[in-house]
Amino acid sequence: MNGVLPVNLITSIIRPHKLDAVRQALEDVDVNGMTVTEVRGFGRQKGHTEMYRGAEYVVDFLPKIKLEVVVTDDRLQAVLDAVQLAAHTGKVGDGKIFVVPIGQVVRIRTAELDGDAL
Amino acid sequence: MAPALHAAPLAAINKGDVAWMLTSTLLVLMMSIPGVALFYGGLVRAKNVLSVMMQVLTVLALVLLLWTAYGYSLTFSGGGAFIGNFDKAFLDGISASSQASGLPEYLYFSFQATFAGISCALIVGALAERMKFGAVLAFTVLWFTFAYVPVAHMVWAPSGWLHTLGALDFAGGTVVHVNAGMAGLVGAALLGPRMDMGRTAMRPHNLPLAMVGAALLWVGWFGFNAGSALSANATAALAFVDTLLATAAGVLAWLGAEAVFRKRPSMLGGISGVIAGLVGITPACGNVGPLGAIAIGALASLACLWGVNGLKRLLRVDDALDAFGIHAVGGIAGALLTGIFSVSALGGNGGNGFGMLHQFGIQALAVVITLAWSALVALLAGLLVKWVYGLRVSDEHEREGLDTTVHGERAYDD
Amino acid sequence: MAPALHAAPLAAINKGDVAWMLTSTLLVLMMSIPGVALFYGGLVRAKNVLSVMMQVLTVLALVLLLWTAYGYSLTFSGGGAFIGNFDKAFLDGISASSQASGLPEYLYFSFQATFAGISCALIVGALAERMKFGAVLAFTVLWFTFAYVPVAHMVWAPSGWLHTLGALDFAGGTVVHVNAGMAGLVGAALLGPRMDMGRTAMRPHNLPLAMVGAALLWVGWFGFNAGSALSANATAALAFVDTLLATAAGVLAWLGAEAVFRKRPSMLGGISGVIAGLVGITPACGNVGPLGAIAIGALASLACLWGVNGLKRLLRVDDALDAFGIHAVGGIAGALLTGIFSVSALGGNGGNGFGMLHQFGIQALAVVITLAWSALVALLAGLLVKWVYGLRVSDEHEREGLDTTVHGERAYDD
Amino acid sequence: MAPALHAAPLAAINKGDVAWMLTSTLLVLMMSIPGVALFYGGLVRAKNVLSVMMQVLTVLALVLLLWTAYGYSLTFSGGGAFIGNFDKAFLDGISASSQASGLPEYLYFSFQATFAGISCALIVGALAERMKFGAVLAFTVLWFTFAYVPVAHMVWAPSGWLHTLGALDFAGGTVVHVNAGMAGLVGAALLGPRMDMGRTAMRPHNLPLAMVGAALLWVGWFGFNAGSALSANATAALAFVDTLLATAAGVLAWLGAEAVFRKRPSMLGGISGVIAGLVGITPACGNVGPLGAIAIGALASLACLWGVNGLKRLLRVDDALDAFGIHAVGGIAGALLTGIFSVSALGGNGGNGFGMLHQFGIQALAVVITLAWSALVALLAGLLVKWVYGLRVSDEHEREGLDTTVHGERAYDD
Amino acid sequence: MNGVLPVNLITSIIRPHKLDAVRQALEDVDVNGMTVTEVRGFGRQKGHTEMYRGAEYVVDFLPKIKLEVVVTDDRLQAVLDAVQLAAHTGKVGDGKIFVVPIGQVVRIRTAELDGDAL
Amino acid sequence: MNGVLPVNLITSIIRPHKLDAVRQALEDVDVNGMTVTEVRGFGRQKGHTEMYRGAEYVVDFLPKIKLEVVVTDDRLQAVLDAVQLAAHTGKVGDGKIFVVPIGQVVRIRTAELDGDAL
């Protein structure tokens, strides 16, 4: 039972084509639950240009994937390392990871709380 | 299009001709729906796709009934130079056994009806994404009555002024495309640009949809062009091969130019080339040979490429889907080039007495008359509708999109 | 549709007729796929789009083979009042040189096959989003065998009971639309409503798709209606113009009513008007004049508008895509109005001996017989399938959608 | 397809034939666009849909012009066994009054042009999602010139080697489908597999789009098959009914096999069955009877089901959209089965002298020659293009998708 | 005025078809504002299989709905209970609820802050 | 180096057509990175009605944009002001801004941490 450990929400913004690799890396550190959202990112990385009937312009947002994983404190660093490694290409636009401490977790199916809910 | 001859109503009708013209008529209908509806629908933003499709469908339905009420009669009945008479209004005096141009008159009527329908439907492209639905209908009805009908009469009726002058417009480059494109430009100028114009990108929301529309336009256009022979004969075959090859040339010319100047040939370019090639060959397809058709398709395509780029920047009018930039520009190019490539030295069937310069002059005259007439009618019609009813939806409606605000529904859902 | 005449097998066949009927046959095929498949596919939710398309395609394929096995023979071979015989089962005795109704018999067979196909495909709309795939197939096969075939025989075979009574059904308003719509209603009632009915909005997931479907239905319907002349003749031209104008009137009537009563004319309304106008004119298109066609199109459209609103609320059956509300209601309106507008005073070709009241009675009789027969067969077929195999998918499958659970795939992906 | 006869240029042309062939030609055009474009476009991932549509459109346009320049002449002019001559290059000597095979020659030319177009467009499916746009064009042009043209000449020209041997290929199963499928396989092998192959699922991004494509292919295929009679006659009617029923059988066979082996019949399976049935009946449709057609459709469908599963795993080539697995496999099955079901005992029109074993041997020979010739040309062409220009886009472009990187636009937007 | 109470962001991952029920339950505890995102979830629940031309595979992500509600401390428990009850089916895949304390809330329309901004 | 300053996640729910204006305002205060999600909002603002074959009903969710920006403490107020001003129309439905303190930030490309990772 790790219901007493503090819990964290790890939000990673990554390149879409890295999703599979990151998921694999997370499974390797025994994290099997996660939630994924399609987002658009603005940042240093610049998009391609598109043309439509004479109008040419730079697409300034880029498709990214937001990956949210909730884990207890003891596994936080392992997850951070796993994501950072797996999502890395070294080129501008690789993305960020944010960690936010969580007050409470509930598993809807069982009403279990916190660490037990994961 | 051969003029409507009513001389020999008792002659035997050839069933092969009927078969082909039945097919041609439904092909031209297919050009409007789903053809133009898809083409335009794919090019607007997702929040306005239903509105343009609605406009195309409703304008078509309306014009079909108006064609019945007075359009057909004013166009093809009577011997005036500028306009016909009301003798056949509401199909008066016509029965299943009536004949026109060697066809059952009901069929000839239907074929011509679909031409009127698509001409009006084309205008919608220029006005897209900001006009009141009622205003689109009112504007179109006025333009149909005072511009389409007289121009069609002038060019196609045996007694029509431009017809007697000798203007060549086999399938309607001037009557349909130049005419409608000009009306679109004037309408768009009166309306003003879409609110986000220049600030946000107005990307096509679904290019595959637009591609399917363009493809069905190509397919349907054989009804338009080869159908204008009004018979399953050698002229139809000539118009057919010309339409096939000119379009291929139109595609390659546009894509080639994009490849050279922008490095990346685009789908929107490819389908624009389809339409440009088709518009260009429309007036010429019964007169020029296949090699001439290839030349016309390529040249019209390049003209339209300029029409939607350089010319568009010059005109500074938000002709949203390039009704003018493609249909009018391509129609003008085609009309003028018809004068050139009809000469027999270039493979055309102009015959011995054919004078290229002379014909070029007549073609130019027909274009100018059509442009002026259409512009004037569109201006007056637009101002009238603006004054009586208003042209534009509110900013809030435009921002939210016409689909939900005007038609109460959304195009896509999960 | 003119009855199948086998009298003069050695007469010369006119190639113009063949050309038009080859075209007509593929047009009617196009009505089913992609026409109905798109129309229905666009109207359901995204999780069920493949399931309705699959049902349309599979039902069509199945019925084409059953038509070969016994359908054609039982419908068009033999002189019974209610049903034909098995003489031409599996196309027995027919070769490339056989003739029927002035056409190569293979062509006549194919044309009729596509009618059987679309009739069964139409039913799918009423049953959408909750029925087992196998149950759809079984239900359709039973209904085809015991309802479509006998009704088609009664109405179209020279010896058929309703045919000899003088019922007018030029292209199949009763045989196809009333018949199929009624089967849909009964099937939907047996199935019960979709699980979220009344709680969540069941919005069309892709109205542009449905619009394209409706447009292709209009285009294809010329094969259905003008093709039912079985010849490229004046009757085909009459049916053509009637089909063109009735549909235009159907669109405008529906949109006009929506504009008046709801302020916002809708795309779904417009395309519903297309179908309603087409269904309405189907039985009449070889008999009434163009102005009568306009009247029938408009009236049938208003009847269907009531069919999918007031009547639907009365019936309290989840006829998901309004197979009954549009096809049966429009078909009934059309059948009855055919009795009225066929009179020559109203532009019809009823001739001198034509008695409006008398004909109206016959039309009503044909409608009632068809409704009753189809309902009875559908009821028994539905109960049988329910008992042997079950009609509905599990709640969980219905909630997740039939595409993934029944067919193992999703319609859309990135 | 009947060979091109130029014997009686002054004979009267039947307008019914012209009407049907005009229609057939546009139907075959419709098979390429939007048919194949939609079918392929729906099956790729959303990031590559425009690229395949562009490839189909551009290849088509290019081949139409090359057909004009030399293709038609090399195929149908001159009496060589392996290749024709340049007498009709650039349509030299042909005018609106020229005739070929009882049709205006321009029409005959156009009909044949659309066959060349679709053959090359089919190859695109094997190469999808990873090939440079310019490389697709170059590869196709070389293959068209050195494989399509000679094979078409050998099979269809009266003097062609396989034609004189007596190979039966009514509408082009060998010339079009075996030929193109083989080229696709070789091209795909040279290209190598798509980068994510085997690691991520390459799901169709829009199956309804693919379904519409398949439906329009079915509809258009009547032009291909029944049009290959070159006349609105009894043979056309036979080809028509065969095409109708073989396809229905193809659908049911595929779905039945899926239902048995996988429990869940799928939309992709259903439309694969459509294409498989159509490909299978193509060489046979003028020779076998309707029951033979049903058998061929079902057998070809099962062969293709194996082609895209078992055989595909054996071949280990990423033939992305199964150009080989369906078109070549179905074409081979059809060609061989034509040899069997043409026998009169099985309902075919093989006549008395027809020897099943003998014909089977000839059919097999034609298939082997075509496979070998096409493979050789594709190999040399692919290597040449690879060496001069490169075949594949960069990994980064492939990952981001060809639409934005090669064509500078995206298919879908809000 | 409840501008002084601490504020929480309640993020619930639920089954899509439960959205209506959860919304109703929230209205019943007088929560009328919420923000909904379509997400994909990976977890214990396994997806269906799909087949494409011979390739059969398990779809390992599942469509889920992410529901975000911001409420003041005094209503936190009521909201948690409401969501847990309404989203519950008892089968694997019901989802989770995460609570994160919020530093500041602004209503854009009025520039009101914190509890008043809700 | 501002790697030592506390970091905040600012989540704004805004009207979709305000995205461009807000982006511009953020650029003006030198914030160049952000992540955007399409969401649906329920709140006081009511949607339009839609009609389908006789069924008429109010669409109760509205398309909104969720904009996430991570900034260090020193720029928090500037960003809040920028968003509030640029997204403002004064009509119901303008949306909310939520601020959540962040524990840790990692830039995937460089493995830089916290303020340096932005």
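Here the chain labels run A, B, C, D, E and F in written order, and each chain numbers its own residues starting at 1.
Here, contacts are C-beta pairs under 8 Å (C-beta built on N, C-alpha and C of every residue); 3 or more make two chains touch, one makes a residue touch a chain.
Fair warning: this is a prediction, and the values are worked out from it, not measured in the lab.
J.: Going by the touch criterion stated earlier, list every chain that contacts chain B and also contacts chain E.
T.: The common neighbours are A, C, D, F.
J.: Answer with same or different: of all residue numbers used at the interface between chain A and chain E, are over half used by both copies?
T.: Under half of the interface numbering overlaps between copies: different.
J.: Please state whether E-F or A-B has more C-beta contact pairs across its interface.
T.: When the contacts at E-F and A-B are counted, E-F has more.
J.: Rounded to a whole Å, what is the gap between the Cα centroids of chain C and chain D?
T.: 33
J.: Just curious, how far off is chain E from chain D if you go by their C-alpha centres, in Å?
T.: So the centroids are 52 Å from each other.
J.: Where the CA atoms of chain B average out and where those of chain F average out, how many Å apart are those spots?
T.: For chain B versus chain F, the centre distance works out to 46 Å.
J.: Multi-chain contacts only, two chains or more: what residues does chain E have there?
T.: 37, 50-52, 100-101
J.: I need the residues of chain D touching at least two other chains; which ones are they?
T.: In chain D, 14-17, 19-20, 23, 203-204, 206, 212, 232, 262, 264, 266, 268, 408-410 touch at least two other chains.
J.: Go through the chains and record each pair that touches.
T.: Pairwise, the chains that meet the contact rule are A-B, A-D, A-E, A-F, B-C, B-D, B-F, C-D, C-E, C-F, D-E, E-F.
J.: Under the touch definition given earlier, write down the residues of chain E that touch chain C in their complex.
T.: Within the complex, chain E contacts chain C at residues 17, 20, 48-52, 59.
J.: Can you tell me which positions in chain D touch chain A when the two form their complex?
T.: Per the stated touch rule, the residues are 199-200, 399-400, 404-405, 408-410.
J.: So in the complex, which bits of chain D are touching chain E?
T.: 201-204, 262, 264, 266, 268, 272, 308-309, 312-313, 322, 325
J.: Flag every residue of chain D that touches chain B in the complex, lowest number first.
T.: Within the complex, chain D contacts chain B at residues 13-20, 22-23, 25-26, 29-30, 33-34, 37-38, 41, 49-50, 53-54, 57-58, 60-62, 64-65, 68, 90-91, 95-97, 103-104, 106-107, 109-110, 113-114, 133, 206, 209, 212, 232, 403, 406-414.
J.: In the complex formed with chain A, which residues of chain F make contact?
T.: Interface residues on chain F, with respect to chain A: 9, 23, 32-37, 70, 100-109, 111, 117-118.
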